[in-house]
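Scrolling down, you'll hit the structures one after another.
The same chain A turns up in both complexes below, where it pairs with chain B and then with chain C.
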Partner chain A sequence: MFKRLWAVILKETREFVRDPLYVSLVVIGPILMLVMFGYGMDMDVEELHMVAVDHDNSEYSRELLEKFQHDNTFLLQETIYSTAQAEEMLKAAEARFALVIPPDFGSKISRGEQAELEALAEATYTTQAQTALGYAEAIAQQYLDQIWRRRGGEGSGGESSGESWLRGLPFSIGLQHNVWFNPDLESKNYLIPGLYAIVLTYFPAVIASFMFVRERETGTDLNYLASTAQPWEIVFGKAIPYGLVVSLVQFVLAAIALGIFQVRFQGSLLLLFLAGTFYIFCTIGLGLFISVLCRTQISALIITVVAVLLPSFMYSGLYGPVAPDEPLALAISHLVPAYYFVTICRGIFLKGLGLTYYAFEVAALFVLTLFIYGVAISAFSKRRKK
Partner chain B sequence: MFGRIFTLLGKEFAQLLQDKALLGIILYGFTIAIYTAASVFIFEPREASVIILDHSRSEPSRELVHKLQEPHFEIRDFVSSEADIERYLMEERAALALVIPPDFQERLPRGDAQVELVLDGTMSVTATMAAQFISSIVHDYGVQLRRRHGIDAAGPSLTVHPRPLFNPDLKHEWFGGLIEFLFMMTIFGMLLTAAALVREKEHGTLEQLAVSPASSFEILVAKLMMAVIVCLIFSTLSLFGIIQTLFGFPINQQVFLFYGATALFLFTMSGLGVAIAAVTENISQATLALILLLTPMLFLSGVVMPVENLPGFMYWGSYIFPLRYYLEISFATLVRGAGFFVVAPQLLLMTVLGLFFFAFSVYYFHRTV
Partner chain C sequence: MPAINAQNVSKSYTDEEIALDRVSLTAESNRITGLVGPDGAGKTTLMKIIAGVLWPDEGDVQVGDIDVLQQPEELKANIGFMPQGLGAALYDRLSIRENMEFVRDLRGLDEASYQEQIRPLLKLTRLEKFIERRAGQLSGGMRQKLALILSVLHYPDVLLLDEPTTGIDPLSRQEFWTLIARLREERDLTVLVCTANLEEAERCSNVFLFHEGQIQQRGSPEQLKLELAGQVYRLEYSTNKSLPAVKVGEEALDFYRDGHYLRLRKKENSKFPDSISDYDWQAAEATVEDVMRSVVPRTELPPLPAVNGDKSTGAKINFEGLTKQFGSFTAVNEVSGRLKPGEVYGLLGPNGAGKTTLIKMICCLLEPTAGQVFADDRNVWEEREWFKRQLGYMSQQFSLYRDLTVRENVELYSGLYDADRDFSKALLERFDLINYEGTLTADLPGGMRQRLALTTALQHQPRFLVLDEPTSGVDPAAREVFWETIRQTAQERDLTVLVTTHYLSEAEYCDQLGLMNEGDWIGSGSPADIREQAYRRGGGVLLVRAEQFREASRRLRREFSDLTVIGRDIRIRTRQPEETAKEVKAKLSGLAGTVHTEPAELLMEEAFIDHIRAHEANN
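Here is the complex of A and B:
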């Protein structure tokens, strides 16, 4: 029986190698996607276009705006004098953020009273808006610290961070930050290991999804339908040579992540490749299953994009850990194979965890893979019986 | 001419109805997929889960911990050692840990008390936000203690009133639902026509069409219309039936402008799909070209973050993606209620692209068939 499997593998390998178009997509696709998305997907909120509405136009308000100008989060584009105009600018997306300084701002600060500010954020991109509002608040507090420091005559400290200027004042509490795993808080460090996992989900699946359809389109699938090879032999015979080629692409992908993007890497490369190879076979199975169901390559492409690519992006925890208190989110992400592999990759890259830490993810992937191949094989044998 | 287009259109629909897998995925994409994308928050949680390591176990330390509250924090657990912190952060059961040293209470009156915040940097957004909130909580607590002990440290204070416009409650559901909607429009807009054309090519029925009295212009128009009509029907279903009805997104501004832009976008995307199907020699080439164009377009047109976030060369490169214009138009009209003049440049550029793709495909189609 392995003789027949071997024969199928040989045939598939030969066909695969003979098709330069597919080989190049298998190799170039993932690399291109990792490089493009690695550069393009930047979740750091930086240089957010901002306008200031300075009704006060005092020494104090200008000083506050200077703080915004020096902060990398905002890009102060212009100072205007009408709140309505600022709202129009946000409406037209000419700016994403506006700071409104009321006319009495400076006088209240100088008299030692409570001053107010209004922060307007264009909230289409909800997460970005929320981050921007948080940063604005932090900058305002820094400015206040500066005022206090000046009042206390302790200007010697220079640009000291946080509340250190208060030190010595009874009941002031210092706060020390200690960032683990990703000390510079760069989004690339958690996005790229995730993208690495997504790339290994999408391309293997999308190309595998053409395998049966392509034969169906050219009519060569009749050979298989009539052959003595068992359905499982045909499915594995297609998956194995292709999976091994994609496994080699992993090395290039890892080299890009570490070389070009300089992502932190704490774990073992061997472990990453072993887990990756197994995972590639899982996603190929997914593609093969879609391939059995479809009539044309384009509908296979549509189904793979809608049912594999989009869920992998949305529910794998690529942008952040899946909220543990949302039952729907948890349920969906546990059905998405990418969820487990994103978790594993991020753990290996950033935390240097061994596979034992991920016993659950590995076991779940294993079960999913078995299930996927099970349905793929049974769908294929059903089609053959027709 | 219209009679022929109409007949061809009927044929297109009959063919679409035969492809059960495709029909199923269209229905799924415009209903269930949009519902789940709107319900599930895909970004880092806003509420940071925190664990406390309180060596001090004093009244002020408890009081400080008590101030870490929802909506910004959720206290997961009280732990007893540094090793516990490591375990919780490693296993992502908490995003940050607050460590209060044993001498916290004694040092407080002297003014050199310190607390330590351990953050999981892999959740950079949560970590940054949480650090900001904790810093102001700790600061406020100091002020409160001074006031309680009658120490005069009066001075200016500053309140920032946040006012998110166009989505005042920062409902992620709206954003999640809309971006999934845009994904579906892009995928089906581009691929339905291409799929129909490729199917003809491979069944050899394209030659039949070519020798029929219908001109290549009419054949293409019928195929484009099929995709536009299908997507318009389903987009109405998902916008009004799901995003508005189930998630309370108000669709009452600039609806006509939005629909006009939607039809134009679908025309452009189908044109692009057909242009690709026309220039490539066989189905495999067409499919590969579609993948290499569709994948970056989906994610680098401002869907997750605004296009301004793209690095320079990609920002300029994204001008070739019709989705970029459509996304800007959709957000401007539906969310922000901006009028025609705000979106005019995008409309114009999209029209140019659309006409170009269409002319190109008619020309190529005419030549090859």
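Here is the complex of A and C:
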């Protein structure tokens, strides 16, 4: 019964290991993607060029600026005394961030009143600007806390003590205080596990999407069509060897995440690989389904990018929770396998939780996988259109 | 009961593209049945439908007692199907053995019957010593022989072969047909074979002539040819001369050049057309080609009228020791030749012989690993810019834009090559394309597209014209007229012309030939020289015809190693035809019915095979 399945597995394996292009696509592709996106999507802000406008020029204002100087988020270029000049510098991109200290800053603090600071952020890169504002606020707050503590926690701050009010001016957009507070204040701990999941979504799917259509292009598909081979034998005969090969790539990816990016890892590697292997078979199924439907490799590639890669980026929660107030977006995300696997991966990486905490995700992935293979096998036609 | 029975099968891919129009066909069991016709006639479509891999729009298909449309999977255990293309179903990265093992397991064969079969099959196809070689490194002929083995491993009752020998070398072709004949005999196979090659049609016991999705004629080759008995005449004729004008349809039923003969078909007992009645015409047997030409409406491709224009001077082309290696693979191995103005030089060889690689080196599109090319004694690689102005190149898939009209294509190329517009216009008139000026290139009738490609290649008035497989995929009648066009153009403009083709029958249109096989230069000279060389080496041919054809061929095959069967003609290669005739008569004594023997000319195919063998023997 399994003779034909074995025939396909053996043939696929032999072809695969003799094709340098596919070997490099399978091994080098995922590594490149993880490394490139890992560095490229790093949303941490470092050495942001800033300028300070010190209208106050008091002991307090200088002390505050010293804090900024010591923080490597910002690189304090110079201290000037005109807001207009700061705005010019922002326009000319000589600085990306300006902190304006009003003339009464020092006196207000010494009186224990609410002090106001003004921040100007060049918000072409929205995320960066927001992050910078968040850091600025945190630094200001730390400083004020320090002062309150120096005064023995006393003072007339009351409930409003320590509050600073940061205001965004022409260059800052949507000024909100959403700074991540993951323990190390580093985005990589959040991003890399998600990317890890995306890489294991995209590459297996792309490779699988070529598998059948490639034979259709060369004409070898007629071996299956003109014989008594069953669709399930062909689909699994292709999925199994590729799935196992890609599973090996997981080790390399994990090594890069932990070794190069130094991501916090709390969970069990074994668990990560087990879940990953299952997930790889899921995404290979997706690719095979596409491959069964397409007539050329190039169309299979494009469809995989549009139907697998893009939804995985947009709806998996890679950048943040999928908009909970958008029912449609939420519904779509539940159909995207990456949505579940990103959650599982982050859980294993960051929280070290076992799979039991992700029973829902695991069950959902299982159902999706069954469905995908069911559709792929039933879509496999033993007849040609032409 | 017929082994294959298809009734009223229709299939269209789009509204305009009707592949099959209510076609009915039966194939007798244990016979070779041919589907014969030009490309695009619907043969492949019908074959795929019979194989159960394509669904017809209407119609019924039975193979044995299986209804193909109802029980396609049951059918598939009983058929072998070899799709079109050189080893199209092979996995290039797997070795011969691995390909065979894949099919063994896919077909669920037991080891014993597998082992029992492959030994003799590999031996017969001379593939046994290459068993560990990857399919991607086999020649076209070897690939097709391997594909044939793969398609019979599971002992099918019916074997479907789609253009199995197109583009393979003649020796492999001969071996291929021998193998088929043997399999049919030993295994009671029913064979259905598609072919565009009319000589191959003669090997079938029954043929169906296809044209534009319909069957035009059916019957055994003998029956079909008998219908034209007394109508066909031939005349030995120098290929250097142009065709005399004969109005087909009025003065004669058909008139064309076939190799170094002119062929004429006229109504029985009618008189010869005036313009050619002085020649010494001899009655000839009809061929399947004559039959095909009689049922297929002639492609309207009028021959060109002669002109006396201003002559340019063709370039003298010289290439010496040209070699091209891709890694460890030698695509072209030390090839040399000389081309003269006004002559058509033909590069002849199967697909994969290295013809296109050689042409690309001559045209400076590919740098040779070794060797040089000279045009008028100037090194062309060093003077590429100068040389490209002398060169007109028509590539294999000639680069016409199908969605542009004839005029737009011509304008595009005249712009690209900075050509004289008046000259372009003159060419359009010359090639009778002026009436098609507003026609989309995609809608041009067969053969006209070739002329358009030729027009674009000639626009900048080159002195050296290179045509890579210009007649590939064109029906035979259009091919013949296109060759006339090429020849006339070469003579009129005193051009140096280099043409490649894998149709051996086209060799006679050339003044000089270069024979290539697997990258090697295996012979050169005029067509007559080539045949003469082969004749001197291995003698001529004794043609044997026996009423008891099967028994005769069985007996003779045991005696004569160099024997081929084409249709019901048994051809024996021999130096002493009279002696051999006596031997044949002796071997066939006691056989009922008549036995007729006569010495025959070597076919170009046989001469080519002779050159391949001589070359193999020297290495």
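The rule we apply is simple: the second predicted complex is superposed on the first by the 239 of 386 C-alpha atoms of A that agree within 3 Å, B and C clash if a C-alpha of one lies under 4 Å from a C-alpha of the other, contacts with A are read in each partner's own complex, and residues count from 1 in each chain.
Following the convention adopted for this analysis, a residue touches a chain if its C-beta (ideal position, glycine included) is under 8 Å from a C-beta of that chain, and two chains touch if they have at least 3 such contacts.
Please read these numbers as outputs of a predicted model, since none were measured by experiment.
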| item | value |
| --- | --- |
| Partner chain(s) touched by A:244 [first = chain B, second = chain C, both, neither] | neither |
| First, second, both or neither for A:229, with chain B first and chain C second | second |
| Chain B versus chain C as contact partner of A:133, first or second or both or neither | first |
| Which of chain B and chain C A:14 touches, first, second, both or neither | second |
| First (chain B), second (chain C), both or neither touched by A:296 | first |
| Superposition-derived comparison: chain B or chain C, residues of chain A touched | B |
| Touched partner set for A:355, first chain B, second chain C, both or neither | neither |
| Those residues of chain A which chain B touches in one complex and chain C touches in the other | 19 |
| Parts of chain B lying in touch with chain A, wherever the complex brings them together | 19, 21-22, 25, 28-29, 33, 36-37, 39-46, 64, 89-92, 108-129, 131-136, 138-139, 141-142, 145-146, 149, 151, 153-168, 170-172, 174-175, 180, 183-184, 187-188, 191, 194-195, 198-199, 202, 283-288, 290-292, 294-296, 298-300, 304-306, 308-311, 314, 328, 331-332, 335-338, 342 |
| In the complex, chain A residues that touch chain B | 19, 21-22, 25, 29, 32-33, 36-37, 39-44, 46-47, 49, 87, 90-93, 96, 108-131, 133-138, 140-141, 143-144, 147-148, 151, 162-163, 166-187, 189-190, 202, 206, 210, 214, 217, 293-299, 301-303, 305-307, 309-310, 313-315, 318-321, 323, 326, 328-329, 332, 346, 350-351, 353, 357 |
| Chain C to chain A touching residues, read off their complex | 13, 48, 51-55, 72-73, 76-77, 79, 81, 83-85, 88-94, 98, 101-108, 134 |
| Touching residues (chain side chain A, partner chain C) in the complex | 3-4, 6-8, 10-11, 14-15, 18-19, 218-220, 222-229, 382-384, 386 |
